[in-house]
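Each of the two complexes below includes chain A, the first together with chain B, the second together with chain C.
After this line comes the complex of A and B, so read on.
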């Protein structure tokens, strides 16, 4: 199988990698670009651990082919912090202990960021629906929801 | 495996026609990549249709609407004009999967995946939607209820591709609705579902289409259920007849998600509730 050269933008940087044509974007990001914040949970679009945004749209990178990234723009959890300054969502996840094992956390952060960009002041119900595609087996979700609410409040203050 | 991203429907068809091995069309990939991952299929060729301009756009108007095959559920949900004209079609599509899935999944993909429980399909059938199919030598337009022939089976030839879905002219005082039953609130597959589309005049239903999902090998159009409410003000008697006609049309299976008895009964209940919503949306009291 021949690999093709994929040129794409990841977290604002131009990135090129050679990608077998049946490889998922999840595997390409982890193994070819070195972004291991993108996690493989189920590999079938049910758990959201591999969440990224593709041209601003929240998607599961396990359900995208690496070659599809060509010419498009990708954001991952690695692009959330501003240098050493954590994103408010990241800060609030730590403050509220919204994680235990941490496997689901990058996906939750990316999905929560996508939600807050669309809806700066979501209700608890809206947060739970928006994060229904992200599974966490440790926290029971409550702390995650509280962290997202707290981050939303913080981010509204800054605007 | 070879990946191709053609710029026109004709090129897509030519690629499919000339491939000797297993060729698959990729839109959102939310079913296709799962099947690849589970080793259910081993494609020799994947044709990505997302770069085809004719498949990327939504045109919504009361004189007729057209939705490209590569339009995602999320884009559909953000199109206020389409939502206003066909709320049932949009809400049915938006029920598929999570926000992540909505970012990629398409109505046409949902149709071509040909699940008996596909959420978008009963709403499309009720709406009188048609599929615009491009083939090697001709284009044809086919009613959506003629596409799925069995679980995972469609009437499309191997070198045919659906370019768009069209929705008919929208008469004033029309409304549609789609309801499904799942045991949780989100992220599940329909146990039973019902789509209703109707037009009223002075409170009386003048035309209607009723479709059911997950109660047979394919989504069903149920003309008898539509006849039960046409000419009525959707009073309790008419709703009883509607529910009975829906239950009669069911040919469900017993599985872990629901029994034959349960699905048969709930099909009528959902049709009743969806009809009331559609009636309200049409401006009926």
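After this line comes the complex of A and C, so read on.
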């Protein structure tokens, strides 16, 4: 199966790569674009570790083909900070000890950012359901939910 | 220099504070490198072919077509992994588990492997390997495996621990017994006896990061392994033994670890990756799929446990016994032994006896899972405790308090306890507002206790003072969940310098002496202890250097608040020397300033926890929801309380998943039917409430700061706490974990029809 030349935008930069037609966007981002912050936990869309946004929509990149990225815009955890200024979610995850091993953290950050862009003042229940597609095995989610609440508050203050 | 590890009532400056972890930014930006994130020039992709049979003779493996496929650089079978173990049975078992040797022992057992230029080619090559199997009868259930006529997994396994030694092979690999007193006499004195059998299904640690490694071995017998592991030094020793390499010539680097919980204490495909690399003479990366992780790494045991407890009407337990059958997968383990040791560890018992049977099945080789084996025993014991309390009309909390172990109690597994936290955790539960919160319809509250030993082990630390007075700490335990922060705090405390001036690094195996696995809740306990001693050694050097700079006797120099101070009438007025000033002059006063320590950190303090749980059961669907949860646990001393709370919460969440949802489901064909996160459902964010924590600090007398391990005990009580809560909510006693909707519905139906 021959590769397809994919031209796409990743974290604001134009990126081109040759992608076999059956390769997932997850593998393409990790192995061809070098963005290993996008993690594989399951490869079946059950764990959310590979969460990215595709044209602003939260998706599991393991369920998207690399060739589908063509002409679209992708955001990953690597694009969250503004230069050397961390995103409030990134700051609050560290401050609230919302990560232990950290493997699920990129996916949680991307999913939480998508939530807060949609809903700047979510309830605890809304946070919990919005993040239900992201598995964390270390924290029991307690400190993650608190970090998202704190980041939401911080972001509302800035507006 | 020998150091005193005894607890001293040292006043702390930074211990107990909550600074940000040093690896935080790497982990929130995607920069941190985990097992699958490394690459090497010329790297190949390695894949493993696995048995579709639960038990089968491998008659023939034809790799010729795969070898001829363009892009394939190595194909491997057990023939490429000759037995170099010198008859060491434990190593032979590891070798055979890495790659089947003539017989596939479980669904998912590795039978061959390939390394190719890319994943697409490697996948094609796997399909071209032709394996001829002859299926054999199999057994996957722990109780069925010991029935007469059950297929024997290994003809070389004769039950150990039985006198006289048996002459027939058996699926019981080991019998172990613990206890003291006379249980029969004790039961004779009891007014009430409860005796019941409890079952738990097999669960997986469920770390989100699959096993992954990058292996590189040259024809000179030197190699490197980058791997996600809880013990790179042990991985080095095991891999070099299996492959016939010199230990010093294999450098193993631990990547950041995406969760382990015991499951990354064991090699699975790493020796195969090294062998592929050696054969291809190219670096080879092997990353397990989630399905492979479920089928072919090391979940915990399924169990079947008989518990019998007798008590007087006044609530005093007169005798307790348990028979514990633990399924260990296809190779002998020590899991029933650990269950037998922990079963009754919370209680002060005159007459107690536990017998453990480690049982072989056609399932993957069991390995450690957080307080391994304790949760299943605690499910049986703590559920029985509630039934017995109800029978004698006593509050279950008071019943536990009445029988709780204390300092001086002879533990059911042998030793006599020092200061311990079981009564304090129970009293904290008693006084907790959670216990007085109102419950609604179909809601119930339960509580349960848990115990774990904790472990210390071999530990080695280097501490180097840089020219600017900042401190680089080199450790050999890995950072599973914030331990770099905790260990940096300890170095800062000892040296009297700010936390920010310490950087803790996890060293590879070529850069530091041997360290045991990061297991048994030992990371902060033992590396913390070695760090204290290494810092004290460095302080000795700093004092000597200050004395030299001042040209006064070293005895006149003390170390205070990160500075050298001269003492006595003669020198007392000398201006203090900071660590930075001393470090800047190191080149002129004797060279680099460092402290080193190696220690076997014995006497890890035992740990106890008591949990409170409220559930709501939907009688229509049988679904149970945890609506409130509180963990009370003794930490000895919480170095970084955020990460101690995190351990309490994470263990409770895993226990909740185990109690309500998680289980390995095997079909009649002996194949695992749910090897994925969709069908093996771990708790998601919307399943859980906030998990409240209360940290108690009863100092461990055998650590300078009083630290106990904190990582594991929190998974022990939830199974029974939830079972007890369900019983109080809807009046059915669940004796089979997970307490999933179908099982609860059946129990409710049975209760109605009877």
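By our rule, the second predicted complex is superposed on the first by the 159 of 159 C-alpha atoms of A that agree within 3 Å, B and C clash if a C-alpha of one lies under 4 Å from a C-alpha of the other, contacts with A are read in each partner's own complex, and residues count from 1 in each chain.
Operating definition for what follows: contacts are C-beta pairs under 8 Å (C-beta built on N, C-alpha and C of every residue); 3 or more make two chains touch, one makes a residue touch a chain.
Being a predicted model, the structure only gives us computed values, none of them experimental.
Colleague: Check whether A:43 is in contact with chain B, with chain C, with both or with neither, and answer first, second, both or neither.
Modeller: In the superposed model, A:43 contacts both chain B and chain C.
Colleague: Just to be sure I read the superposition right, which of the two partners does A:114 touch: chain B = first, chain C = second, or both, or neither?
Modeller: first
Colleague: Between chain B and chain C, whom does A:129 touch in the aligned arrangement: first, second, both, or neither?
Modeller: In the superposed model, A:129 contacts both chain B and chain C.
Colleague: Applying the document's definition of touch, where does A:64 land relative to chain B and chain C: first, second, both, or neither?
Modeller: first
Colleague: Tell me which partner touches more residues of chain A in the superposed arrangement, chain B or chain C.
Modeller: C
Colleague: Let me test your reading of the model: by the given contact rule, A:22 touches which partner, first (chain B), second (chain C), both or neither?
Modeller: A:22 contacts both chain B and chain C.
Colleague: Output check: A:78 vs chain B and chain C. Expected answer is one of first, second, both, neither. What do you get?
Modeller: Second partner only.
Colleague: In the superposed arrangement, which partner chain does A:90 touch: chain B (first), chain C (second), both, or neither?
Modeller: second
Colleague: Based on the superposed arrangement, let me know which partner A:4 touches: chain B (first), chain C (second), both, or neither?
Modeller: Touch partner of A:4: chain B, not chain C.
Colleague: Which chain A residues are contacted by chain C in one complex and by chain B in the other?
Modeller: Comparing the two interfaces on chain A, one with chain B and one with chain C, the shared residues are 1, 22, 43-44, 46, 129, 132-134.
Colleague: In their complex, what parts of chain A are in touch with chain B?
Modeller: Chain A residues touching chain B: 1, 4, 21-22, 24, 43-46, 48, 51, 54, 57-60, 62-65, 67-68, 111, 114-115, 129-130, 132-134.
Colleague: Under the touch definition given earlier, write down the residues of chain C that touch chain A in their complex.
Modeller: Going through chain C, the ones touching chain A are 18, 20-21, 23-25, 27-34, 36-37, 119-120, 205-210, 256-261, 287, 289-290, 480-482, 642-643, 645-646, 649-650, 652-654, 676-678, 682-688, 690-691.
Colleague: Going by the contact rule at the top, pick out the chain B residues touching chain A in the complex.
Modeller: These residues of chain B touch chain A: 1-3, 26, 28-30, 33-34, 36-38, 43, 46, 48, 50, 72, 74, 97-101, 103-104, 185-187.
Colleague: In their complex, what parts of chain A are in touch with chain C?
Modeller: The touching residues are 1, 20, 22, 27, 30, 35-44, 46-47, 49, 76-78, 80-81, 86, 90, 93-97, 99-106, 109, 125, 127-129, 131-146.
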